[in-house]
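Following are the structures in question.
Two complexes are shown next, each including subunit A; its partner changes from subunit B in the first to subunit C in the second.
For the complex of A and B:
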């Protein structure tokens, strides 16, 4: 293979990658940034400035929603970790062979199904005429119908359910690679369940915990369906604000600014998570 | 807490009950969605009014089944159309990227690789709006300059396809690269020694080796495209894919016909998912 041929091959293979990244990722984001810093002064008249970002900081509704979205996403991430960790440990360490494959598959199947269907399931369970409400009336705990839907707890249930897989899979993978003899050695040296969990298991599982948490946080932050369908009138989510600025109000300048703030928050958290755990993006998501 | 170390009975049982409860939690929403597809009532809720197939095959209002419900059948067609193109584009670009990143060394390789991963960490709704803003600007400028219409750059299926492709291509690249890395290059060299052309060797030796990964990536791409909501929502025009149609119905409140569609979706996605696992298995052999 001559040098010139190799060059040509390189450029030919480079072309689709560059077209994809430039036209669909880089230029659109630069364009969105430019729109977000143009302030409307009249019909089709704009000046450059940070007016749209100022609107965000001066209007309590906007930054309250932003903070609420961030905090609830963090809470959802912790809950997912807390609920998922014991299950991942059980699958990785206490089962083997066919049982292990079956349990792992049972974790996967719900997530091949559209998020819409999963959320629909929770609506049927939680609403006033739903299963839980009917069940409570049937066993006589409550006399009238109970509404479980349209509040923050319902959003939490939905978010945790939707992101569970992205926590359990990396956890099972890292826990699988932990040698049982290390745990045995811990017991031999006089450790008990809790100290072994703290000193051996959790440090070993750290890469899985971090990549799981990062993905779950991002998915919760960027979620639109779950808060809209399960949340009530007051349960605003930041993606909902972006949607309404773009589609309902047709205020693309403010919407773009919101989009950038969300992107900034999600990138910051990902970056901090990677720094704290001394991992690179390539190891975490590039697998 | 491993099998070789004895635990107290109480602890072992509590643990087992916890894991069982977890799997009930996982299965519950999907189970009720499927169950109510067969309820003989116009609302997907209790009381249970008996078993019926009407939500699949019915054609008398209000009992219109999936197979007689025009808008839903049409949006399934739209989703299939979108998924086909997204999957085709993704595996084409993914295969090309795999050769680029595995076989070549060039300036900024590491930087481009990280750039290639970025679509995974950008929220879908933001991918959607940025592409919407960009294509709209391009369309406005082109229309001002030429006086022609550029409908392909307005919200609609071409933009939905590009929007979904913009992040699904990353998955395809990762899956196909992983397989190409395992390829033994001496096989290709042997083919070259035996008189094959460069392209002939790739076509007859390398691509067949990559096939399980390419097929697996195609299935995953179809699955992801079919169920994508966030990016699609921002870019959709008048032809709505299935998830968008279902979302609109869900907000208004609908008959159990939605449960019937969901049941079909669950069956099809579980089958596709298992298929992608089978491809992965074959890849390991």
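For the complex of A and C:
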């Protein structure tokens, strides 16, 4: 095969990826950016400027929602890690063969139904006339119906539940690759459970922890359905704000600016997270 | 020696140790003592229970019954991180997430030794294993032999009463393995610590150990020095497993005390001794003759009054330098025999098809009763 032919082959193989990147990522973002820097001055009259971004900083509701979304997403990520790590450790290290496969599948099963149905499932449990409320009334803890929905805790439960798999999978993969004899050597040299977790298991699992955290954080930050359904009208989630700018208020310019701010926010937080954990993107998500 | 042979004279003592795995006896009533400062090997084929035994000493598994004493103290129910033993793992289990100093200092950190002391003791022990100044390097920057020494240093810095080694030379290539054998023996005598070494490689055990236990099917077949095991094996298994041997199934033709005459099914007559089992005419026996115990000669009268004298045809020459062998076919019965070639140059020109006299002593023909 000649040089030119092999190069043609390479281009052809790359074409679908390149087209996908260009058509679905790059062009829409350029378009969005152009929309976001057009400030409306009158009917069909626009000037270029950063006015839309200024609106965000001058209106407290906007940046409060923004900060709240970021904070809640970080909290959800940590909570998912806290719950997911023991689960992943149990699956990877303490079970073998069929049990392992079964447990792994059980983590996957909730994802066979759509996110909407899953979230409605939580609503059935948590609403005023739901199972928890009825149970509390039945055993006599509470006299009237209790509303568990439409608060931050409900949003948190939904976010953690939706993200769990994306934390457990990378953790199981990295923990699986940890040689059992390293843990045994740790005990043999006088280590206890805590020091082995801190000095051996967590450093080994760090790429998986970071990769799981990045995915869960991105999913939480960009989640629309769960915060709106479980948090109700007052959920104040930034994606909800973007939605209302585009759909309810037809203010595409401000919506686009919000979109870019969200992109900037997620990139910044992921970058800070990588720096703090001394990991690189290629070591974690790129594996 | 005789008066202080109390329980405390041993660094490690096992008393009737058993280990059952769902009805399968992995370790079957094993008792032994390892005197302080010696190199003790447990030699056996894979699946003989030696790893289970070692893991019980380290504390990763509990014996089903029996007692395990280290320096006279029972270790039953003591967690592995509280036992005064350290283990060098089969694949060394060095922590890849730490540099070498952190690896070696791990155990001291767990004990709460002050930071400056750790640094000092780590550097000292690294010097003793011949790796001064490597502390800041990463594990993957070391060669196989260096990793081996770091793994030993990581254990020795804790000054354990007993160091357990689980076939640590298995992953090395042949040349390095030969080198590390000598190195390990040297380190053991320098540190003066009791080493318990398990291996399936007889040459590792023979070269390094003061005492060797040969293990098979969960039981100790024989415990002794390398020479004892090689020259006076007590069981057919030890005779076949330690060193090389020509093995024959034969029927006893005549027996006078220790001395027996046997005949193989092919009709080869063998004169041997039966040191352990009392054999009678008609008994079936396993007969072992070491290739290096058989002498070669071009004329029959060179042997004098040797008990076993035969003629053989050279069938094959397995040239391997100092360790060369010939495969002979005995002329009368057609029985096969593996004979080591003496390295005196006398038989350098031996060729396929040559006829040669072979002779060996009855003393070197060890017979054991065949079971069943």
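Everything that follows uses one rule, which is that the second predicted complex is superposed on the first by the 260 of 287 C-alpha atoms of A that agree within 3 Å, B and C clash if a C-alpha of one lies under 4 Å from a C-alpha of the other, contacts with A are read in each partner's own complex, and residues count from 1 in each chain.
Here, contacts are C-beta pairs under 8 Å (C-beta built on N, C-alpha and C of every residue); 3 or more make two chains touch, one makes a residue touch a chain.
All of these numbers come straight from a predicted model, not from anything done at the bench.
Aligning the two structures on subunit A places subunit B and subunit C side by side, free of any clash. In the superposition on chain A, A:190 makes contact with subunit C only, while subunit B stays out of contact range. After overlaying the two complexes on the shared chain, residue contacts for A:24 are found with subunit B alone; subunit C is out of touch. Rounded to the nearest 10, the angle at the Cα centre of subunit A between the centres of subunit B and subunit C is 90 degrees.
In the superposition on chain A, A:242 makes contact with subunit B only, while subunit C stays out of contact range.
Among subunit B and subunit C, the chain that touches a larger number of residues in subunit A is B.
When the shared chain is aligned, subunit B comes close enough to touch A:255, but subunit C does not. In the superposed pair of complexes, A:132 makes contact with neither subunit B nor subunit C. Shared-chain residue A:199: touches subunit C; no touch with subunit B.
Of the two partner chains, subunit C is the only one touched by A:179; subunit B is not.
The superposed three-chain arrangement places the nearest Cα atoms of subunit B and subunit C 5 Å from each other. For the contact definition in use here, the residues of subunit A common to its subunit B contact set and its subunit C contact set are 184, 187.
Remark: subunit A residues 1, 5, 9-10, 13-14, 16-17, 20-21, 24-29, 31-32, 35, 83, 86-87, 89-90, 93-94, 96, 103, 105-110, 112-118, 120-125, 127, 129-131, 134, 161, 164, 180, 183-184, 187, 193, 196-197, 214, 218, 221-225, 229, 239, 242-243, 246-247, 252, 255-256, 259, 262-263, 266-267, 270, 281-282, 285-287 touch subunit B in the complex.
Subunit A meets subunit C in the complex at residues 179, 181-182, 184-192, 195, 199-200, 203-204. Put simply, subunit B touches subunit A in their complex at residues 1-5, 15, 18-19, 22-23, 25-33, 36, 43-47, 92-93, 96-97, 99-100, 104, 106, 112-127, 129-134, 137, 162-163, 165-166, 169, 174, 198, 223, 226-227, 229-230, 233-234, 243, 246-247, 250-251, 258-259, 262, 265-266, 269-270, 272-273, 277. In the complex of the two chains, the subunit C residues touching subunit A come out as 58-60, 79-82, 85-87, 89-91, 93, 95-98, 106-107, 109-111, 154-155, 158.
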